[in-house]
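Both complexes shown next keep chain A, but they swap its partner, so chain B is in the first and chain C is in the second.
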Partner chain A sequence: MQDKLKSIGKPSPKHDDLVKVSGRLNYAEDYSMPGMLYAKVLRSKYPAAKILSINTARAEALPGVKAVLTAKDVPYNNTITKFGQSKDVGGGFEALYRVLAEDKVRFTGEAVALVAAETLAQAEEAVKLIEVDYEPLPGVYNVEDAVQPDSYKVGEEDTNIIAHFKSHKGDVEKGFSEADVIVENTYRVPFVDHTYLEPESGTAWIDDQGVLTIRVSTQVIEHFRGVAKVLGLPENRVRVIGTMLGGGFGGKEDITVESFIALLAWKTGRPVKLTYTREESFLAHSKRHRYVMHYKIGAKKDGIITAIKAEILSDSGAYPYLSPWVLMYSTVCAAGPYSIDNVDVDCKSALTNNPFGSANRGFGSPQVNFACESIISELAEKIGITPLEIREKNCIRQGNVLAGGMKMDRYVALPDVGVQAWEAINEQPKLKPADESKKVGRGMAIGMMTYGRMTFLHDTSRSHIRVELDGSVTVRCGVPDLGGGQAASLCQIVAEELGVPLSKVRIYISDTALTPLAGTTTATRQLYMSGNATLKAARVLRERLLTRAAAELNVTAAELDIADEKIFVTAVPDRSLPLKQVILFCSGEGVELFHEAQFNAPFTDVPDLSNVQGQVHPDFTFGAHAAEVAVDTETGEVEVLNIVSCFDVGRVLNPLRCEGQMEGGSIYCMGYALTEEIILEDGITLNSSFTDYVIPTALDAPHVQSITLESKAGLGPYGAKGIGEPACNSIAPAIIDAIYDAVGVRIKDLPATPEKILAALKA
Partner chain B sequence: MHTNTRILAHNFVYHEPKTLDEALTLLDKHKPGIKILAGGTDVLPKMKRNHFECERLMYIKNIKELSFIDNSNGLKIGAATLLSDLEKSPEIKQNYHALHEAIKAIGAIAIRNMATIGGNICNAAPPADTVPALLIFDAQLKLVKLGGERTVPLNQFITGAEQTIIEHGELLHSIEMPELTGGLLSTFVKLGRVSVDTARINMAVAADIDGSSNTIKTARVALGAVGTKAYRCPDSEALLAGKKVDESVILAFADSLTSVCDYAIPGRYSLPYKREAVRKLAEDAFKQLLS
Partner chain C sequence: METHQIELTVNGRRRSVNVKPNELLINVLRNDLHLTGTKYGCGIGECGACTVLLEGKPVLACLILAASANGATITTIEGIGAEKLDPVQEAFIDHGAIQCGFCTPGMVVTAKALLDENPQPTEAEIKDYIRGNVCRCTGYTGIIKAVQSCGCGGEHKKVTAKKQP
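Let's turn to the complex of A and B:
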């Protein structure tokens, strides 16, 4: 099949590239409506405080103000978080979602009241006139304090711990007693932001049929159900239309502005727009969780690992949101892609009065990957073998069982990805900088990251295809496009299967009323889930067209193929029919020229949380990063000179998009390694702007060499795996390892700022 | 279509004078409630965050008299001259090299196409990159007002973080630097977190080095972002004067800068880092001067 593919595997610009680069694409903020009101949110200035009273009278009296809402105006203010899953999973994973603060505030920036006014200036003014009488409470800001029994309680429960998952195998104490070398360290990673260019934005209105309609930048259009619940409306009376996103990275997986604008539109009967400022975005949306990770690992002199123990504590922040789900990913990935006989993993997540943690590209994997890969590299050095050798000796291979008990039946591209990344970075001799205070070093890390949602969520997706009478094709699929080309990949699949050029496929996405629900654009699941749903629908239509053509050409359908808008006899390509003619035959004879298909992921039960074993995820993507850095021994500054990213992506659908993900993922977590950190002082964010929250710019981005391996062993269309999130997983430990190689300093506390490196060098 | 995600929350009257006379008349008439807008790269973000309020705002980039580079006798620069125009000036690159390098270190191209040198000075941010460079060239500022003018040295003009001695009704007209004598070489070095960033430390150094004996005849040093304003470092300058350029003098120079940090920001969180990192700037500065 491979050689015959026409569209799959070919570099083709996305169908929306031109509208984007020419500035014609409309993002959520670009839409306006006649009679539209502007909304603003009043946010808590305290991380922990009792709300004694709220007086909205002065705000309401301001000219132009049409509505001021507080918790008492929200029909169902306290609901349970859902994330578009097909199945309710209940206790532990689903928790309180509160629209507006009630009784007490739990974090600085928590929404307390909403205003809608004729102009944005009036709305801003009105927010200032709302008088909230707070009684500050002590709060708890350090997750290590929060887990203590006598700590301040963030929520209404008598413990701050919201999730506790364990996974074990063998006997770690026995494993450590057999070890010749033991390494034990504590690793820390900070809260970090998603830093998407487009801040949260949406407009809500009630259409002429009375349907509450929300046009919004979101990764999850299925939040329409949550909004219906908040307002007490039937689900079919709320419609979400998703716009093209200016980045999501997990930060638009949680509900953002939807409930706010829905409430205000419902109250006023007018369209309402709300767009966050950058500073507000920093305060309002989730963060990648801060983790404290205590790791212990032991190995024989020959480098074979005998035991690994990981105690992980995640700072969930003020509300649970996706924290338990994220923690489950960490539990599964904590011991890394290694075959180790004795494993003990213990993961907890606890509430604090910090910003809330939730999804962020990697979903609990980059944190534990940093700790696990760092300690493996340190272990290698203590034993006296190379970072690559220790991974070659211990990594899992096809047929092995992961620490969490999942047997790897499918092809595992380890250690290949590591070998190729390490060889590529070492292809050239190390640069000798002219500046003798600069030292060059190289490092590597490997990783595994899932694609597709956790199997106990019983994930499904749907896609609808219609063949038009002129030979063009229309696809409808409720997939939000984050800019990663989620929609374009589906078009490519349709073009391939129906033998039409990509330019003749048009896709409509992200509308809960008009496109089949495809599930969330999260969890690196869209190519896998919606790709398979689209492939399934396309193959049904293909079969119908071939069957009709077979009658005409006097052969069986199995003898036919489609390409270049022709259906032809595979053995005698000259015997063919124009595709358009076959379509017209079908149309005239009442053969259905449309199909909607559903794809179901593997389904499992919720695992035993006291010992997570067996299948929790559909499959994993295996990858490696290698990095070359120059460290200035006098200033502690790190310059990343080269990055190699090597992944088994199963099958490349479009090399441009695939490399885009691999390059983007590398730079995304290069910031995690070196500069990014939400700086908090007792729950107050001190750096809520791009002046103070520093991310790498184009000038800081080194050359990224992307090496794609195609095992065709993935669960996605044509054997593809997912790459979106895995692409960022292992770059941070690779950079940190390279810093060690350069100057002998192991940073265990991200980010590796010049201050930390210089202090370690001088120590 | 309304596409601005952040509006200026309060009302003000906006003026766009075309001539200096017109501007000074407006400034005098509407003081103290009138403020000045040049490139807007500092003022607008502040306004959007409600950190800057005014009754009236006067835009000065249409005033031709405030935009010039005159190198006929020393160097005179109009306050509203764009950083990108200064960056392109061959005379500045050649003779006032530290200023050229300092300007190149500010923001990205888009910022330098908007921002003015007068704005960088009057905003008086402690890490302002042009200030150390202007300090080593003994810059004087010409301030004008309706019916008067005065000239003050830059080191007296800025008094602290975002603090200057400019009075209501006054406008920065130009920056004047005396003609350089001898073979003064100069350079500018900066430490940031990423490539485009405000300085954590910046420094301008000028030295007149006798080529035959490799001896520093005189030196000028100014340090920024270490304390609430940039300043000259007389001890470091004195230490360099008369010395042969070698490793030991550079080491002594680095020691003196460490002492400057210890004195300027005692107990500050950033001190342990800055007192060490500044040493690299000392080395880099000399490397660049001698290259």
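Let's turn to the complex of A and C:
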């Protein structure tokens, strides 16, 4: 089949690349409207405090100010978070969404009041004139303290623990008693930021039908339902139009500016724009959770792992948001992609007065994969085998059962991905730095990560295709595009199935009123979900066209194929009809030239949270990273010299985009390994700028070699799997392993800063 | 606050704008001249998304007072490849150097400045020159390949699909 494909597998650029490279693409902040007001948010300067009073009189009196809103002005200030799931999940998975702080603030940067004014300068001035009388409260900033019964309570409940999931298999104590070697460690990972280049932005207005319309940079247009709830409006009176995003990485999965501008537009009747500053973006949006992870692992002398125990504590920060969901991913992935008989996983998430944790590329996997892969490498060394050997001996294979009880019926590219990554990095001669203080080392790690949402959310996606009379094609699908080519991949599928060039396919995305709802661009789900919905719709239309052509060509539809805008007899390609002619036959005879299809993921029930077993996710993507680093033993600085990323992506729909995810994902979490950390002092963020929060630059990033394996075993179109989030999953432990290989110290507390490495070298 | 009239030549066109003494060049470009290709990413000179050419040299529009640019010649992303794409823009498209695209205008302007100064930069020279332009999506591999491919007198090689093992 591969050779026959005309569009799939080809490195065609995205249709949006041309406007992006010319600076002509309008992002959310680039839109303006006549009569538009500018909004600003007053944010809490305390991480924990009681709000005694708010006086907005001086702000309201300022010329140009049109509205000042506080919690009392929000019709429904406390609602339940939804993330586009089609089913009420309950079980703690749907938690409080509070628009503006009331009674007490829970984190520094929490929104307290909103202003809309004629100019941005007036709005900024007005925010300063709002007087809030706070009574500071003690707060709790360390999640290990927050879980204690007598701790300060962040919310209104009598415990800070918001989720507690367990998963067991076999008997870990028996497993440890059978082990010849046991390793036990505590690993820590920090809060990190997404630092998409485009700060949060949106504009809201009331259209001529009275529909509250919000044009916003979001990964989840389905938040229109949440905004409707906040305002007490019917869902069909709120419309969200998603713009192309300037990056998301999970940070635009929660509601950002939507409710604020909706409330202000509703109150003033005027269009209202709100764009965060970079500093505000750092303070206002979610973080990847800080985790404390106790791991214990045991193995026989021959390297077979007998037991693994993981106790995981996640700092969910001030509000739950997606923390329970993230924790579920961690529960499933905590014991890694290994076949181990005795497993005990215990995961908790608790509130603190830190910034709130929620989705961030990897969604609970990079944290546990760092810990699990680190301890596996240390175990290998204690036994006296290589990091690759221990993985070859213990990794899951097709037919094995995961720690969480899911049987891997589909092809598992382990240990292949690890072998190929390790071989590729070792193909090149080890670089010898000129500087004697620098030592070079190599390391590797593997990983598994899911694609598609948790199956108990009952995920669906819809896509609509219409064939035009001139042979061009229009696709409508509510998919938000983060820049990964989420929309362009759908065009490739349509071009393939309907035999038209990519240039003849036009797509409209991300509009709750005009495009079929396709669900969130999160969970590495769009190619899988909306790709399948689009494929399903395209195949219905294809069948209709073939059926009509078959009558004309005196063959059955099964004998026909479609390519290069022709329908032809597969065995006799010269017997053909122009596609356009068949379209006109259909149109003249009333055959429907449009179709909307829905794809449903597998549906399961919410698992038993005291012992998570069975299917929780549709499928997994397996991958590996190998890294080569130079560590300066005098300064502790680490330079990453080389990265190899190897994944079974199922099927490469477009090598440019697939490798783009693998390259970008590697560097995204290279930052996690070495430099990135939200530095908090009692709930106050100390580094809310790019100078102080250090992400990799071109100077830091090595060349990333991508190796893609194509098992065609994925659940997506043409056997594709998802790659967006998995792409960052195993790089951090690979780099940490390489540092150990170079200088003999194992960093268990990310990021591996020069200070930590020097301290470890001196210890 | 009183305003002053300044003259700018932007993308070859003479423009006259009234600005406050503290107005930044990025705001004049975006809000007064509606050239929204120049992006706000940080506002304090840390990310490079607002890079424009001032008298042919790359500068950060968020750090420059508009009044101080009075009389200057400025090229924004809209002024590059306006008629026909510049080879560096084509190279960005062909090498998958664009994902979300938010850093792309600034990155293209910087790459253009580099290639104007140094038509055949080495990989190390490219990395050093673009280090102030942050990209969170691509990991820079595609961007560096794109700029490198332009390093032969404006010609660039088209990318080919990598061998699938």
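The rule we apply is simple: the second predicted complex is superposed on the first by the 763 of 763 C-alpha atoms of A that agree within 3 Å, B and C clash if a C-alpha of one lies under 4 Å from a C-alpha of the other, contacts with A are read in each partner's own complex, and residues count from 1 in each chain.
Simple rule for what comes next: a residue touches a chain if its C-beta (ideal position, glycine included) is under 8 Å from a C-beta of that chain, and two chains touch if they have at least 3 such contacts.
For clarity, every value in this text was computed on a predicted model and none was experimentally measured.
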| item | value |
| --- | --- |
| Contacts of A:R24 with chain B and chain C, given as first, second, both or neither | second |
| Partner chain in contact with A:E637 - chain B first, chain C second, else both or neither | first |
| A:T277 touches, of chain B and chain C: first, second, both or neither? | both |
| Contacts of A:T556 with chain B and chain C, given as first, second, both or neither | neither |
| Contacts of A:S177 with chain B and chain C, given as first, second, both or neither | neither |
| Partner with the higher number of touched chain A residues, chain C or chain B | C |
| Touching partner for A:Q148 - first (chain B), second (chain C), both, neither | neither |
| Touching partner for A:E124 - first (chain B), second (chain C), both, neither | first |
| First, second, both or neither for A:G483, with chain B first and chain C second | second |
| First, second, both or neither for A:N55, with chain B first and chain C second | neither |
| Common interface positions of chain A, toward chain B and toward chain C | 29-30, 199, 275, 277, 691, 695-697, 699 |
| Partner chain C, residues of chain A touching it in the complex | 9-11, 13-14, 16-18, 20-27, 29-30, 194-199, 244-249, 275, 277-278, 420, 482-485, 652, 655-657, 659-660, 663-668, 689-691, 695-699, 701, 703-704, 706-710 |
| Contact set on chain B toward chain A in their complex | 1-3, 5-7, 9, 48-49, 108, 191, 193-198, 272-273, 276-277, 279-280, 283, 287 |
| Chain C residues touching chain A - in the complex, by the definition given at the top | 30, 35-44, 46-47, 49, 76-78, 81-82, 85, 89, 92-96, 98-105, 108, 126-128, 130-144, 159-162, 164-165 |
| Chain A residues within the chain B interface of the complex | 29-30, 32, 120-121, 124-125, 199, 201, 275-277, 279, 435, 437, 632, 634-637, 675, 691, 694-697, 699-700, 753-755, 758-759, 762 |
